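Same chain, two partners: chain A is paired with chain B first, then with chain C.
This part shows the complex of A and B:
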């Protein structure tokens, strides 16, 4: 039983990690807590739904398309609104992204209605020994793992990735070194939105799609990056898998209701004992 | 000025004044807060359409007390706190003449405090939780009336079908909200009464999307019956994951959500064999049921669910009580609602002194080749249940 639950925990943890990585990037580079992260994920899910239902495209192949679309949305949001609060007190950015979040959810309600939609693509499970591996969740896990890996290699080895990390370490020094910080901000926000969209596209195959599906992901991502260490990118990975495992294992030994309590109690404990998160704060 | 022009002028004035005093009556405005967005949006919208059709039909028959009827509806986003604020606003700012209930038990429970405070009669057509109506003597509610069968009997059909076929063990899960808790508690009682053993019971929070751990525990106990007190999203997620984790009870039933056409659209053939409970079906032999079904389909472009019909029927019940009272005065309408015994398209209405529903009947259906077939109780059944449910890999 424990094995099955650990598998489920890791499967959902990888999704948490990928989505939270976007939030961690924005926080690391721009010092902004993006409340609209979940609603961006929701838009990604709708992009996949419409591509699948209208054009019949394999939902897993829509992932790059959803990502590209939301990269553009994210970049537009940054250029029109978010850049204004980069140096403002943190409350301003909270208020702004909260506003964006409400606007996105309500626009989605107007445009798509609140009807529940679903992408019924890959159902059932593969049986491996005594374990059942949900097909949809396993494929989503593989995609999430691959995309997270790509994002890490991008940050680690490319010029742009290095510039992002440099900006995250110290904006002033980055500027002195000739990095166009505005461009980095634009790109980071777009990339984060694209990661959220990838999450949405993959979740679309697992749960019902509706305009309010995103908010819970804002909370979960926030929980993940605080657990792992805000602004610490490998921390998001650790935090994500950890949250997935905690939720599932606590559901098994306690109850599903208490699993949320356990996750948040752990958050409080981490904040008390290691306020910078398990892997420490902003490092790159 | 000649006598003639004077006569014309005074006639004109009389017409004008007459017209004005007629206008001053205005329509009867009935306020309601409904879940048009949020978790319960799908169901709340159907209820809203029930209200709209009722408004139209009442006005087509000359309105109520000689006045037109007009609904004033706001969206509570499926949250009780918002609904409380909206009923305050409806009653104190909009000064509506009457109110109708919102969608769902938690929202009704919260809103009832407001309507009681202002002594407004509220027929609550979509609240199925007994504790909203049956309360300790010092916290009694006087102005709220129940239309549908209580939550506690939702799973009775499923358990009765299982018990009659010799099944012994049952697992019961529920969303941790007012209605679902009551439905689960009722199921536990009924199962014990019928000599079945409840081997597992657990609640999960609203918004849960991953049921793997819960289902893993259930799978290890291998119960004969799985009874789930759900809304829509969780019913779908639970079913999908049952298939993924290969959980195979001999009978599996849900409460709310399982009766929506979307349930089948989403799950396709995976919905086959699943039992659901409903307050109403188009096929039930209630007066005017067929006409209502057709009129609704024509008006809104889709079939009514029981939420639609309960909204429609509840509105008719309120209108009937107002008509009999001859006034909108809350106390006199209340008296009529306590005495009233009618059969609407939604079935029977008769309440006890607490406004608790006594006459309305619940039916259990099973998804059968894409359609809902009523399988319980026997006297209303269209088909015999397909029993037992085969394992997922043999469907």
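This part shows the complex of A and C:
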């Protein structure tokens, strides 16, 4: 039983980590908590759903397409709206992204209706020894792990990735070094939206989707970066796996409803005891 | 000074008209005005924490719901009168605000905002879980009682009280300290303001109104369920009302509540799907183009005092 819980926790934890990495990047680079992160994930899920149901493309192959589409959406949002509040007080950026999030959810309701939709692909589970591994979840895990790995190597080794990390350490010094900070903001927002979209695409294969699915993901992603330490990118990995494990363990003893409460109490406790996150400090 | 006394006379006339209104009005008129009062209470209360200290509360409807359930349980299961239950609803909301605010307000803005975003979902889950007390997803029915007109007066008095409290706070040293926190929290601390305590006081004040309004609404509607008292839409509406009218002002929430409620009644009937989308658009436009709302624009253009 415990083994099953650990496996399920790690499977969903990788997804949490990938989606939260997007939120952490925006927070690290632009000092903005993007409330619209979850709704962007929702758009990614719908992109995959329509590519699969209308064109019949393998849903896992749609992941890069969804990511690219949402990269463009994210970049557009940054260039038209978000860049205006980068240096404004927190109140402005929180409210602006909140407004964007409401607009996106309601646009989705208008365009796609509130019906639950699901991608019927790769259902069932593989039995490995005593454990049951949901096929969709396992493949989603592999994708999430690979994409997160790619994102980290990108940040670690490419010039653009280094520029992103430099900007999140100190915008002024990055500018002095000749980094075009505006471009980095644009790219980071697009990249974060793409990571959210990848999450949405993979979630669409696992559970049914609807326009309001996003809100809870903003909250969960935030919980992950609080657990890992805001602005600490590797911390998002640890936070994601931790959240996955905690949720699974909680669901052993409690109903699904109450396991959401556990995540919340955890958030308040971590904020109270270790406001800098479990790993502490900013490390980029 | 002439302007000031003219404004006071006009205000007294509006209040007097609202007092005698139920004698003449149709049932719909009284209900609609009651709704406007409720929105004034909610928007005015949100303004106290978010407009004055700049700490955005994305889950303020949680206090409304907590008040509604406290009031409804006391009326339905313990046989309290609705007046006492409304006070208890306000108190319950304050207790909740203390529990949440104590840890979360010690942190800077975004943490508080997201913690509030989650609070609402959590309360809804808890209410659904404790079925024995709350009726769970089936909801909770209150004994039938036609008290719309007395509730109209109590809700109206609450709206007046919240607006008066906002005026008193904005013109006091306490209010100045809150606004200092909003403008620069580090500077406020350096000046010797106990920021955590001030934020907590403002938060408690902002929770009481929605708690009372929730208990009154529960009594008036006679039936509550988790979906009806914890909708995210309510938080969105109060935020939009305050932003539109002018955050951090006395009359901004009132203006926003009246204008947007009327707009909602007119637009809602025809385009039910477009209207929530419009709210998102209003938030974006207000934040980018007129961060101080309609009243803020008027204050600048006509050199009105800060205390309106």
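By definition in this document, the second predicted complex is superposed on the first by the 277 of 284 C-alpha atoms of A that agree within 3 Å, B and C clash if a C-alpha of one lies under 4 Å from a C-alpha of the other, contacts with A are read in each partner's own complex, and residues count from 1 in each chain.
The rule is short, and it goes like this: a contact is a pair of C-beta atoms (placed from the backbone, for glycine too) under 8 Å apart; a residue touches a chain by one contact, two chains touch by 3 or more.
Keep in mind that what you see is a predicted model, and the values were worked out from it rather than measured.
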Legend entry - When chain B and chain C are modelled together on chain A, clash or fit: clash
Inset, instruction - Applying the touch criterion given at the start, work out whether A:216 contacts chain B, chain C, both or neither, answering first, second, both or neither. - result: both
Inset, instruction - Please work out whether A:206 is in contact with chain B alone, chain C alone, both, or neither, and reply first, second, both or neither. - result: first
Inset, instruction - May I ask you to decide whether A:257 touches chain B, chain C, both, or neither, giving the answer as first, second, both or neither? - result: both
Inset, instruction - Applying the touch criterion given at the start, work out whether A:135 contacts chain B, chain C, both or neither, answering first, second, both or neither. - result: first
Inset, instruction - Figure out whether A:123 sits in contact with chain B (first) or chain C (second), or with both, or with neither. - result: first
Inset, instruction - Identify the partner contact of A:109: answer first if only chain B is touched, second if only chain C is, both if each is, neither if none is. - result: both
Inset, instruction - Return first, second, both or neither, reflecting whether A:33 touches chain B, chain C, both chains, or no partner chain. - result: second
Inset, instruction - Quick one: classify A:90 as touching chain B (first), chain C (second), both or neither. - result: second
Inset, instruction - Would you check which partner chain A:76 touches, where first means chain B only, second means chain C only, and both and neither mean what they say? - result: neither
Inset, instruction - Mind checking 4-12, 40-48, 112-120 or 220-228? I need the stretch of chain B that runs into chain C in the superposition. - result: 112-120
Legend entry - Common interface positions of chain A, toward chain B and toward chain C: 109, 216, 255, 257, 260
Inset, instruction - Show which residues of chain C lie in contact with chain A when the two form their complex. - result: 50, 54, 56, 58, 100, 103-104, 106-111, 113-115, 117-119, 121-122, 125-126, 128-129, 182, 232, 236, 239, 243, 273-274, 276-277, 279-284, 287-288, 291
Legend entry - chain A residues within the chain C interface of the complex: 27, 33, 35, 81, 84-85, 89-92, 94-96, 98-104, 106-107, 109-110, 215-216, 218-219, 222-223, 226, 255, 257-258, 260-261, 263-264, 267-269, 271-272, 275
Inset, instruction - Report the residues of chain A in contact with chain B in the complex, numbered from low to high. - result: 1, 4-5, 8, 12, 109, 114-116, 118, 120, 123-125, 127, 132, 134-137, 206-208, 210-212, 216, 247-249, 251-252, 255-257, 259-260
Legend entry - Touching residues on chain B, where the partner in the complex is chain A: 36-39, 41-42, 45, 176, 202-205, 207-214, 216-217, 220, 232-233, 236-237, 240-241, 243-246, 262, 266-268, 270, 392
